[in-house]
Amino acid sequence: MSQSGLELLFQGQNLPRLLAGFGVTLRVAAVVLALGLSLGALLGALRTLPNRGLQVVLRGYLEIFRIVPTVVLLFVAYYLLPQLGGLNLSGEAVAVVTFTLWTAAEMSDIVRGALVAVPRHQVEAGAALGLTRAQQLRFILFPQAVPLALPGTINLATRVIKTTSLLLMISVMDLVNVGQTLVEANSHLHPTFAFWLYGALFIGYYLLCAPLSWWAKHIARQRKAVTND
Amino acid sequence: MSWSVIQASLPAFGAAFWLTLELAALGIAGALGIGAGVSLVQYFRVPGLHQVASVYVDVARNTPLLVQLFFIYYGLPGLGLKLSAPVSGVLGLIFLGGSYMAEAFTGGYNAIPKSQLESGAALGLSPRQLARFIVLPQGLTAAVPGLAANVIFLVKETSIFTVIAIPELTNTALDLIGLYYRSNESLLMLVVAYAIILVPLSWGLTQLERKVRHVTIGA
Amino acid sequence: MTEPLLIVNHLAKAYGQTPVLEDINFTVNKGEVVALLGRSGSGKSTLIRTLNGLEPFQGGTLTFAGQAIDPTPATWLALRRRIGMVFQSYDLFPNLTVLANLMLAPVQVAHQPKAQAETAARTLLTRFGLAEFADRYPSALSGGQKQRIAIARALLMKPALMLFDEVTASLDPEMVHGVLALMTDLARADMTMIVVTHEMGFARKVADRILFLDDGRITADMPAEAFFTAPPTESARNFLASMTDR
Amino acid sequence: GKSASTSTDTVAQIKKAGVIKIAVFGDLRPYGWIDQSGKRVGYDLTLARRIAKDLGVKAQFVQVNADGRVDALKAGKVDLVLANFTVTPERKQVVDFAEPYMKVSVGVVSKKTAPITKVSQLQGKAVIVTKGTTAEQYFTEKQKGVTLQKYDSKTQQFSALKSDRAAALADDNSYLYAWVKNNPTYTVGIKTLNGDGFFKQDYQQTLAPYFGQDIQAQDIIMGE
Amino acid sequence: MTEPLLIVNHLAKAYGQTPVLEDINFTVNKGEVVALLGRSGSGKSTLIRTLNGLEPFQGGTLTFAGQAIDPTPATWLALRRRIGMVFQSYDLFPNLTVLANLMLAPVQVAHQPKAQAETAARTLLTRFGLAEFADRYPSALSGGQKQRIAIARALLMKPALMLFDEVTASLDPEMVHGVLALMTDLARADMTMIVVTHEMGFARKVADRILFLDDGRITADMPAEAFFTAPPTESARNFLASMTDR
């Protein structure tokens, strides 16, 4: 009891262990973002095609992942799918797959919105020049849609990072889970340890997400200045 | 899948269902209130308060609800501040949701073309009258889709209350799994329970968006 | 007819470091129609917005109806009740019906009783041939109808001076006619007006005087007929040529 | 606490894989927790390492909470649970228990200044438990007058107790003893809660038919 | 000069259940300039877009350079290399520089070598007096500059027919002149053109023939001078009046 809860945080292996948990959080988030954003971009592009069946399927996919809370998705994937005869993956792999599907669903909506927001006459001007559909996408639609989709995508990225805090519920040793074991191992030494530790987690996530949010705001503001209302 | 298991756990799910609705409603109402207040403070750049509001939105939006709840429920008692689980949960939801709602409101106000404000000013309307007759009605209409998305999001976030032992839907489902090992039935009921809340809610909010647009701009 | 309503003296205005208006001097008399011409970017909108307090200015003085304008928010708020303005962008409030758009300023700013404001609004709508639209929302109107209602909205405040900034520029060519006809009627009814326009025929026919703005300075201030028959500068000549020679 | 595995023929598979995946607690001192240097230690862990050594394979640990233990096995996430897993009739239906390796039963810990020594004192009060433990099951079925606060992990439950969120906490008594040693202002006021024969009765109704005469209740149910 | 380039026969088009074009028949000969006039909503844009395959049609036939057009995507893809089009909205690609805008179709569609496409593009820019803008992005250009570059972009594909849909309608009046002058030059160089425009002076001076569209039908097809001196229908008379009487 001779030390404060804050000092305890820096004792022994506590800090390196927290950082290792932070590493797991980062790793999962990075893999999920790489896979989810690419898959979502593809699905978003598909959603602009005039094919009814495809629309219904992709819309249904989006709505399911929108309606079911992420925690529940995690549990279903972790516990139920293997029993129903599907794949059996580690907690981290399950998290990556689940979050990727969720991220892709959200991303598909952002991308669809951006593609639809590119003025129709831009694409028509390309068509009038004799560009094929693929060339219209490659030279006109995608380059113009990317800046439109960027702020929404960055905001989605911060949500993905924040959602990794749920990993502890399926046995992944992420930042929050490591934090909990630290609390259990140390809190009898100082009653305020939990306060400082959870405070540190708070700051950790903030440092990860806030710069991304600022960047998104900056881009959105720049666009507004360019388009001048 | 066993029907009798489902039947046996219906009462527990029923209670959890109403508790989830109640906590979500309180949290969303609070978040709307905080969000509206914060967005107005930011819109009018109220000296002093305006910077506080920006810091709040920044912090609340960029940290996970799970960590916010851990901090409130397990961390704060170390400093002598002890809040009950439901109070902590609703406070966390308001803290997080307030920032999301504020951004949605602000987005609505910013969507108003500058020419609208200038033509109002040219008629001799004071800044307060501009706010009342132009910014608020038009801005709120523009904000409705964003607000509606946040309502859905916050309902789903109540699932995280399980970590502070609030017997809402997710906590109850996990509990039944831990007690009777009927994961299939429990998770199925959980998904169904959320669908019962969210599908009609989402539909109703879409109708509301349409209605608001019709009432305010007649189209 | 030579009682001055607005006197602009050595007015100067810059956006940041870039000067946009330099040493602007002119007078508008009661009942006069002044057309403000000049090429794109010459500063016409900036000048007209400055006269209504929508843009702050850095030097010079404005005198309105014999009183020097001290450029504070409170002064402008009071003055805007006496200066009406209509913009290029259709600026009706989409959240209000046509009637509510018309009654907003009379009731909220001029504190007229609602019944009186409504009677006045409906009377003017009828005069403009727009009575049937009173209860519609702006989204259900054509561009030309919107602009005529925007003019009515400004007129209901009984302004001493009306400012128009290219009010026909966004209209389909067929709609232009009705709006210009309305403005011509106003001019004939002795409304004092400053009109920025690209419609040379209208300017020539309706304006008493032309102010020609060239790169932020007034380089011509003369009777309309004289300006069109003998443009005084090279730049004015080029401008007129580009506007008419098609 | 006991260990449990899904089936016997997995031993061959485990040997072939060269790795045994074992579910353990990460926050349950002294059975399975992570010490200050970040090493997994405790009674269960020592046993786990020993088992791995005997099988000639490497031990890989998966940290679980009480309510995830059965599903972790059922879903094949782990080969073995060494997470203070008490044999109960319900569990018996879904997993294969190995020989019990320790005797425990449910105990109740409370503040020394307001000790709880009889279950009757808890009527109308709040008691902390971890989801999916024997203690939770006992209170849920036998003590309906008690309000339960159900947490996911041991950390959460003990943190809640220390911030006075309930009158007492119920869990397997063996580690409550260890916990009060580190937290001397608390006492294990009720050492065993099975006096009324709850588990024994339950066993006889639901499990005895499966086991026959050779096996006695006390071989399966501990602490009665 | 009477070799037909485009023959439109009994063309019919509807949006859903609403007919927009009905029984359209006309011929455009090589080197001819045809002005397509009509009030807003009469179907001018729809017609011109149909000629380029941007809108599907429901009845009738099109014949281009002696070949019946079978309206499949592949046919249109090939045809668009021979039919250039410029729209009202500035349609330069904002994500590409001026030069890249000009080279896109020659390189990607006509598979010209890059160096050759660049030389051709720079030569045309110089001819149009726009050489200095080659490396700018469209956002740094005025509307008039953008439209002239859009015309250059279409011309670089060496089209046999050029379609113009109100290319000056969004321009500031001063910018209109330069664009119309460029189109006049093209007409004098014997480019075959169909031009939708609200600029009556230009139509009268430059067009060989007028097609007047009235509510989805062609109600006049005659030499330009005849159309303007003696509009053949009541509707055409009203239209001309609303376009000129200001």
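For reference, chains read A, B, C, D and E in written order, and residue numbers begin at 1 within each chain.
Note that a contact is a pair of C-beta atoms (placed from the backbone, for glycine too) under 8 Å apart; a residue touches a chain by one contact, two chains touch by 3 or more.
All figures in this text were calculated on a predicted structure; none of them were measured in a lab.
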Neighbouring chains common to chain A and chain C, by label: B, E
Most remote chain, CA-based centroid, reference being chain A: C
Distance between the centres, which are taken as Cα means, of chain E and chain B, whole angstrom: 53
Distance from chain D to chain C - Cα centre to Cα centre, in angstrom: 83
Distance from the mean Cα position of chain D to that of chain B, given in whole angstrom: 38
Inter-chain centre distance, chain A versus chain B - centres from mean C-alpha coordinates, in Å: 19
Chain A residues counted as touching two or more neighbouring chains: 79-80, 83, 169, 183, 191, 194
Contacts with two or more other chains, residues of chain D listed in rising order: 68, 71, 74, 152, 156, 159, 162
Two or more partner chains touched - positions in chain B: 74, 77-78, 113, 115, 162-163, 174, 177, 183
Chain pairs in mutual contact under the definition given at the outset: A-B, A-D, A-E, B-C, B-D, C-E
Residues of chain B touching chain A in the complex: 58-59, 61-68, 70-71, 74-79, 110, 113-115, 152, 156-157, 159-160, 162-163, 170, 173-174, 177, 183-184, 187, 190-191, 194-195, 198-199, 202
In the complex with chain D, residue positions of chain B that touch it: 74, 77-78, 82, 84-85, 162-165, 167, 171, 174-175, 177-181, 183
Complex contact set, residues of chain E against chain A: 52-54, 77-78, 80-81, 83-85, 87, 89, 91-96, 104-105, 108-110, 139, 150, 153-154, 157
Chain C partner contacts - residues on chain B that touch it in the complex: 113, 115-116, 118-126, 129, 133-134, 137-138, 141, 216-219
Complex interface listing, chain A residues touching chain E: 119, 121-122, 124-132, 135, 139-140, 143-144, 226
